[in-house]
Each structure stands twice: as C-alpha cells, then as structure tokens.
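Multiple structures are listed underneath, in structure tokens.
Okay, so chain A shows up in both of these, paired with chain B first and chain C after.
Our next item is the complex of A and B:
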C-alpha cells in the first residue's frame, strides 16, 4: 500500500483519455484483422472471392477475437482480484486443463464424428474445473484464501492432465484431436462457433461490470471488507461463476490461450493503479486489442501458413510479462 | 524444560527419518518381487547383492526389474530433495520445479529434439538436461535485479513456463502422429524409460548433490527468515540462494532426463516431510525419502493395478492431488506445511 501512496496521483481524465485512445486503436486493429492475411484484401478492387473470405472467415475470426480477448482479459482480472493473487490465471487455476479433459473424454465416448460437441464439452469442463478448485479451496476453517486457491488450481490441473494423458496415450483419435485443439487459435472457427459461445461471453461481460466495486473492497482484505458490510463469500462465489462462464466460453471456442488473462491485468494496472472500475474497463478493450494484434502477427510472420495465436501470445507475452514483473517492486495485490 | 522438549523433538525426527528409510527400502524390494513371475523378498535381496545362484532369478531381477526400481528410487530422491529446497529457499509452497518452468524447459527441449531432429535415447536425455539447466539459468538471470526476490523468481518462472508450454504444444501439433505420440509419452513421465547411462548419471548426481544440500540445510532454516534476517545472522543470502537452487536444479534436470517430468512429486514431498518431521531433523533427507516412496508406490500402482501398465506420471498426478487437497482442507491461512 505504501508504494501506491508514493506514486504520483493519476487524474481520472487522463485515464479516461487513455481508454478512448485504446478503443480507437482497437477499431484500427479490427479493420486490419479483416483486411490482412495470407490473402491481402484491396478495398478498391473487391472481388467476389474477397467478399467470401471477408464474410465467412475474416469477420467471424475478428468477432471471435473480440469476444475471446475480452472474456479472457476480464476473467483474468476477476481471478486476480478475487484470489488477491498475481499468479491467478486461467492456466494456473486449472481451467484450460479441465476443458481439455472434457474434450478428450468426449472423443473417447462419442467418437471422432462428434467434433461439434467438443465446444460444449470444453465449456462444461472449464466450469467443472473452476467449481472443483473453488470447492476444494473453500473447505476448512478459513475458506478460499489466495494460497489455497492457487494450490487447489495446481491440484485440479494435475488430475485433469493425468486423465487427459491416460486417454490420449490409449486412443489415437483423441490424441489427434487434442494436439490440434491444445494450441489456442482463432483460425478455423467459423460462425457456428461464434454464435454458440457469443451469448455466454456477452452475459458474462455485462455481469463483470457490476463486480468492480466488490473487488475494490475485497482488495482491502476479507476482514475489512466484511466490516464494511460486504458479503465476502457471496461475492466471491458470484465472481467465480462469472469467471467460469467467460473463461469456459473462450477456451471452448479457441482452445487454451495462455497469458492473456495473466498479462492484461498487470499491463493495465501500470496505467490505472489499483481501482478495479478502471482495470475492468481497460481489460474490456485491451484484451481484444492484444489478442487480435497477436493473431495478425501470426498470420503475417509465417505466411502463407499460420502461427496459431496461442503460440504468438506465448512468445510475445512472456517478455512483456517478465518486464512487468521486473519493473514492479513488489507484485502484490 | 526446553531441553527436554527439544530432545523429544529430535527423537521424533530421527524415528520418522528411520521409518521413511525403511519404507523406501521395502518399496524397493516389493517392486522387484512383483510381476508376471513373482519372487520372494529373500530371492530378490540375494540377487541384488550378487549372492544368488539361480540364473533365472538373476535375469528377472537384475536385467528386467532392477533398472526400473532403481530409477524410481533415484528419481524420487532427487525430486523430493530438490522440491523441498525450492520451496524453502523461495519460501513459497508453489515454487516447485513443475511450476517455475524447469520441467517445462526440459520438456520443450526434448520434444524439439524428437520432432525437429529425430533424436532418440541418450540424445533426448542430453537435450532434456540442457533444456532444464538453460531454463533455470534464464529464469535466474531474468529474475535478477540487484538480487533475487522470492516472488519475482516464482513469477518469472511461471511466465517462462507458460511460454515454453505453448512452444511445446505447437511442436506437438506440427509433428507426425507417431512423433506426437512419442512426445506425449515422454511428457507424461515414466520411470521405465531410462537407459543405463541416465541411471548412472542420476545415481552419481544424487550421491554428490543430496549430501551437499543436507550440509547446507542448516542454513536453509536461516534463509527462511528472509534476506534481511539471514544477512543479520552473517550469511550472504544471494550466494547461498544461488548455490542451493543450482544444486536443486541439477537434481531435477538429471531426474527429468531419466524419467520425464513426473508430475507433483517435487511439490508434494516437502510438505509431507515437514508435517511428519515436525520442527527438528533434516528436512532435505526426509523429503528425498518421501519422494522416493511416492515415486515407487506410484510406479507399483501404474504397473500392477490396471490390466495394462500406464505411465508413472499419470499415477503421481492422480494420487498426489487428493493428498494436497486434503492438506488444503486441513490447513489454515498460511497454506501447506508451513
């Protein structure tokens, strides 16, 4: 807290200005995402194939990027806020692993044909993983403390990846499916997928907007939040439900995309300081911005092939993340 | 009063350590008795010590079962000792090599060797070893900022791990299906894969490094007080941290080269040993023994419980999780085994 007090005060107008600038940048990136790729589109001479490419591939891809980016960044922010843990991330909390085990089990039980179902299965698995993590951590005297949450995440990850490995090593179809799905990507997911997960993401994002105030109070510590009249347990539970919806939907659609949920909130805090109202607002915008930028980079770097956005985010995100960790004196929430 | 209490604690610690050692030896013998051809404990012991006169028993024990059993013991010792050192030096129960990127580094290097260069056998082990050491060095350097702070080290490690995992996933997704299968098998981890070279390397590493860590572990207690506290008691905490982490990384690298990244052992052994031991006694030795029991028990289950054998790493993941969950349910705000 002392570090916060000694920093220069940030004026709200400046933060709001930054938010507007980020939104404009996001618009530009959306346009770029529609126009750039292995087939670059020239607006002056629009051919019929160009239209097909735009409407059936680039637009759904961009919309999915917007949805998944916002969902992952916001759920990362919520997780870090509610767990008061800078390590909190869909990956660490076992959500990706839960989704993966559900996908693989589905293939084992239903067979390879049921690829369409894997979206729903991933959604279920992610939700189940969060529920398991939260329930495990909530047992005992103190309830879901940060350390216990993080450890419970590790536990659930380990269980899920053990089961996944056991299935994958016994079933060749499952391996084939998993190894394609386990690198998160925006490519190859068309309108049906977008329409399947879109409503959940939108509902989750709206709900997240109402969680800023409870998160600000939770940041003061459980005891203080309770004495200020907060229902700490209830608010935690609601937050986790929202995270499950957002993260599950994004992971279901794109596969596990690492780092966005971990990175964006840390980036945002550098600009906004500790107020979750601003952090959430920025995450809405910066999540899709970063995700789409990485997707475009992946398309251009290895054209005519593609580098999946999950890989690009890993490679781009790690140095950014490490820089943030190094810049900040104490990464404490 | 104090002295009496202290003596009671020391006695308890000694008894626990001895019991753990007996348990590890029993598991070692039992794992060589079982199989499609069941042997008695006497036959196993005679054969291991070179006193047996029955060439059939000798073949089964020394050629078929001993390498696997020895690997299990050594991998467990190495991971257990290393995990407890990581957790105590970095003062974070999450700071196991699984989490801070060292296993991930070994995995990426091995999968790259397999998929890109078609390497096999000892080449893969060397790649894994190099990957683990390089990753540890990278994390240490990246976390260095006029010193190593515990939380910064863990966070940088997590970042590096995520980066490496996404690269591994990319490599697996690009690979031929047979290579992908081999890669997945290695990524799970099993004590049945090691060749003679890896076992010898791991044995030598354990024999040298674990005693060193035990000798340093008195200071580990002081390091747990934090950098200022340690400096106040006349230690150079940075150098101390670097040496101890370096030793632990060597152990992890050798174990991973021999058996792949067996999940959870390094994370589990330290807290269990701490709980059994109480405040006195040698935590490094006890953790190593606990690790060795865990790996051996897991491999027994992996080999004999299901109709077809599965990888050791699958069992450690499945078996370890409920234990940590149980610990979590029982512990207070401070987390595990503190």
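Our next item is the complex of A and C:
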C-alpha cells in the first residue's frame, strides 16, 4: 500500500517540475515575441517609434497570444473531456463556422464600415453555434452523448458553412472580410481587441480550473459519475458554457485558429497521463507557448512581410499531431 | 404672309444643301487619307478602307474616346463599372457592356456587335493590349480576332497616353477643336501646379496604399502619373527596395511604416478613405509625421486617361500643395 502511494507522488513531482520548466520556456518565448519581428530593434538606442512598436504593437500581440493560446488549449481540453471524444476541438464543434457566418452576415447587413463590430459578431456566432450543438445533442433521454455531440457539431458546421458560402458568393465585401478574418492571426489586433476579449478569457480560464474534478469523474462514464454523486448534466452544461466563452472570445479576436485546441491536449497527455488537474494546468501554459512560437516563426520566415500564425500552425501542427497520434498513448482519454 | 410662306421653302433648300454636302463629303475624304490609318501603341500602323465606326473599347479607353466625341458600341471593364474611381463621370448609357471583370470578355456579345475596331491600352512590358494580356482567359482573347486592336501606349507619362488617344480620336473623325480646348484647359492647370510646386522646393511626398497588414509604397517608375508629377517638380520619394516579384510596390510591415518620412502622404484613391482608416488604426500612425499632422490627400492611381480628369486632379493637388508644410520633416 505504501509503495503504491509513493509511486504517483514521485511522478507528480516530475510532472510539477515539467510544468515549471514549461512556464519558464513560456516566459522566454514572451520575451522573444516582444523583441523579435519584422522591425529590427536595438535596445541600446531606442527611438520613439521603437517604443510605439514594442508597447502598442508587440506587447498587445504577445498578450493576445497568451490569452488566445490558453483559451483555445483549455477549451480543447474541456471539449475533449466533456465530449469524451479525442477529436473534439473548436472546429469540429461548429464554433469556427458559427463565428464565420456571424461575421459575413454582419458585413451583409451592416456594411463594410462595421468591421469594428465583427469581434462581437464572431463572439455571438461562436456562442450560438455551440449552444445549437449542445441543445441538438441533448435531445433524447441519455442527453448529450459523445456520438450525438460529434454529429450535431458536423450538422451545425455544415449549415453554417453553406450559409457563409451563399453570402460571400453574393457579396464581394463579405468575401473580402471573411478572407482576411478566416486565416487566423495575432497581428494587426492591438490593445482595443485585447481589452475587448481579455476579460471573457480570464473569467473562462478561472472557471475552467474548477472543472478538473468533474471532468475526471466524467471520464469514468456517465453512470459511474452519477453513482459517485456527480450532477452530470449540470456539469456538462457548465463546461459547454465555459468552452463557448473561451473559444468564442479567442476566435472573435484572432479568427479561427486550427489545430491548437486539438493538438495541445494530446501533447499534454503524453506527459501528464489522464488527470485533468494536470492536463488543464499544462494546457494553460503549453497553449500560449505553442501559439506564440508559431507566431514568431511566422514573423521571421517571410521577412520583411509576415506569415499568419494560423498558416504556420496548420503547417507545423499537422505533422506534430500525426506523430502524437502514432505514439498512441496520447489519444487515450 | 409672304415671309411666312418663304420659311418652308428656305428649309427645303437648306435640307437639299445639307444632303448635297453629306453625299459629297466621303467622296472627298477617300482620295485624301486613303481611308483610315493610325500608328498604334505597338508601333505598327493600322489601315482600313473605311473609317471604323463600330468600336469596342476597354472602359478606360472608351472614356477618353467619348471625351473627344467618339462613342463606342461596346465596352469591357476590369471590374464593376459603377464603383470604378477611374470611370466616374462617364456616361455609358446605350453602350453595351461585354465584360465587368478582368480577363473576362463575352466574345459572343462582342461578335454580335460586329465591331470594326477594338481599342485598349498597349502595355509595353506585357507586349499586349488591355484585354489580351497574359492571364486573360483564352476564350476572351478571341476578341482580338474580330477586328484590328489598337490603342495608345502605357509608358512614362499620362500626357503621352492621352495624346495617343487624341490622335486616334482625330483619325476616327473627332472634332479637333474639342481636343484643343481640353488640352488648353489642362495646360493651364499644369502651369498652376508647376508654380505651386516650384514655390516649395523642399516638399517631399510619398504615394502609399495601406491594406490589411501591409504598408505598400508605390514605386513611381511604374506609375506614369507619379512620373509626371516628378517631372513637373514634385519630389515623390522613390522607395529603395521594391518587391522583387511585383516591383510596382515596396511592401512594408506596419512595424516598418516609418521607414520613409515625407512631408505629405498621397493615398491610393481607388481604396480611399478605407486605406486611410487602415493606417489610422495602426499605433505607428502617430509616428508618421505627415499622417499625424493630417498632411495627406489622394493620388489618381493607375487610371487617368482624360484631360478633364487630369486637370481636375492637378487643381486639387495644387490647392493641397499650396497648403502643405514643406518643412514638416527634414
């Protein structure tokens, strides 16, 4: 008994150490994100414009990377846990498609000058999509089962995508706006956007920390969770609300960023095993780490221009994800 | 009473006289000019036994021909005609539109118009006329088989381009006094502009087109209207490192948007004011002295084809230069 009890504790120390190392790496990446870019900045001789670039462009960009990275990775983790589906991510749950349809509808109805509103529209669209997915999947006695959630996600994505296509075919302005929005980028969104979505992400992240225990129990299956005194339906609903807030805010600010929400939880499980307390803590750190790294790569590979982080993440993410899946252990929930 | 009765007689005589003129005029013209000939932008001289009357023209060429009194039967444009800043003020009522997207011309409609001349700008760099360039759909290029294709050459000056079309319009029977009047008004506007610029020898200008995440600086070498402005004394800055694949612009990230510090900014008028708003939303805008001081206006980007348009643009620029501070930046 004593031997059994000490084994996990030793591995907990190792996992905690890994988390601290990851946090230090994140700090270094933040510093790099502030210092590196298409403009060469000499810290010894800072001009007025250098300060503008650092304080008003690179710092908000880095903060946005932290917020969006954490939001997407944590919501991916929550979704995979609550849907008990290793493929669940914001894209599959209809969130990106819902946000996109809201953005183009906004352009169609309000006109091009309303681009400042597209952050809120994307937020609304993402929230509406995930609400639709959850409600659709909840019909029936057994509630939102993993299979029904996945199917509902596919349906909502299909409906939203067709409406989006219909609108952009008819309206060139909407197409132009969508073209810019749907790449997914941290660039060009400064303090106003950070301040718009920041509070929602922070509230969502704090709430997510309280969901670790319910998710651990949910992982045992609905029946066992209920027998252990869990309010399965209530916890599932709360989790979906938190996911909607996190994902909606991140997607609204940056556009749809593929792969992060899917990849990071799998990456994390390789290290932590199935305990959601660790998975969530790691996602919280590794999400921003991966996102900011990809963003920095995007800034450097195509200088003097830039490559959007969404593009880099897709290119880097696919092979990394395949590698993780081939390691098998990561897919186990 | 007598006088009143005389009126119809006088009218009848007048009609007879006119009819006489009409019937004799072509007979007189034919031996003189050997019908029609025009030395086109590609350097070749095109001839025909009769003066072409059924013309299909690229919309910009159509605008300048119509300004000189020659109305085509059909036009094709690079985009939506109504919103094209270069086609404002043109009245295409009664002219058939056979294309409103770059590279796409409805050749069936064109053939139905039975054209005897196709008119578009000659692009020396591409060795082709507007509508027949590389990248245009093969089905669209068949328009070149319907009739001879001619037009003035795009080159180092919009004035030369307009003069090329003036020559074409004259060959097609345009009233030379109309052309001369437009030229004279333009020359007057040009003199005012030169005077204004001469009074501010230190004034520097930068032609830009900010969009999305890019601060694009126009390269005057590939913008004939900017070359014109330079030749008339305005110091339009030549960016040092044009994009390798598309040297019309030097594309800078907004982090580097302060690379050039001109006294005044000239925004691409095709996407103004949206492009100004794009720049204004960038934190670095406050470090671009000309933008911070509100010292900006527009420049007619890549569309000028007529004297009235050019004169109007020069008068606006003259006013702007008169109010500009030539010592805003060093």
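We take it that the second predicted complex is superposed on the first by the 320 of 333 C-alpha atoms of A that agree within 3 Å, B and C clash if a C-alpha of one lies under 4 Å from a C-alpha of the other, contacts with A are read in each partner's own complex, and residues count from 1 in each chain.
The rule is short, and it goes like this: a contact is a pair of C-beta atoms (placed from the backbone, for glycine too) under 8 Å apart; a residue touches a chain by one contact, two chains touch by 3 or more.
Keep in mind that what you see is a predicted model, and the values were worked out from it rather than measured.
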**OP:** Please tell me, clash or fit, for chain B and chain C sharing chain A in the overlay.
**Re:** fit
Original post:
Should A:241 be classified as contacting the first partner (chain B), the second (chain C), both, or neither?
Top reply: neither
**OP:** Using the touch definition from the top, say if A:311 reaches chain B (first), chain C (second), both or neither.
**Re:** first
Original post:
For A:220, is the partner it touches chain B (first), chain C (second), both, or none of the two (neither)?
Top reply: neither
Original post:
Who does A:175 touch here: chain B (first), chain C (second), both, or neither?
Top reply: first
Original post:
Which of the two partners, first being chain B and second being chain C, lies in contact with A:117: first, second, both, or neither?
Top reply: neither
Original post:
In the superposed arrangement, does A:59 touch chain B (first), chain C (second), both or neither?
Top reply: neither
Subject >> Geometry of the superposed three-chain model: angle at chain A (Cα centres of chain B and chain C, steps of 10 degrees) >> reply: 70
Subject >> Minimum distance between Cα atoms of chain B and chain C in the superposition (Å) >> reply: 7
Subject >> Footprint overlap on chain A, where chain B in one structure and chain C in the other make contact >> reply: 180
Subject >> chain C residues touching chain A - in the complex, by the definition given at the top >> reply: 212-214, 251-256, 258, 274, 281-284, 286-287
Original post:
Taking the complex as given, what residues does chain A use to touch chain B?
Top reply: 86-87, 91-92, 136-137, 139-142, 145, 147-148, 150-152, 154-156, 158-159, 161-163, 165-166, 168-169, 172, 175-176, 179-180, 182-183, 258-259, 262, 307-308, 310-311, 313-315, 317-318, 321-322, 325-326, 330-332
**OP:** Spell out the part of chain B that touches chain A in their complex, as residue ranges.
**Re:** 93-94, 99, 142-143, 145, 149, 151-152, 154-156, 158-160, 162-167, 169-170, 172-173, 175, 177, 180-181, 184-185, 187-188, 263-264, 267, 310-311, 313-318, 320-321, 324-325, 328-336
Original post:
Where on chain A is chain C touching in the complex?
Top reply: 37-39, 48-49, 52-53, 56-57, 112, 180, 185, 187-188, 190, 304-306
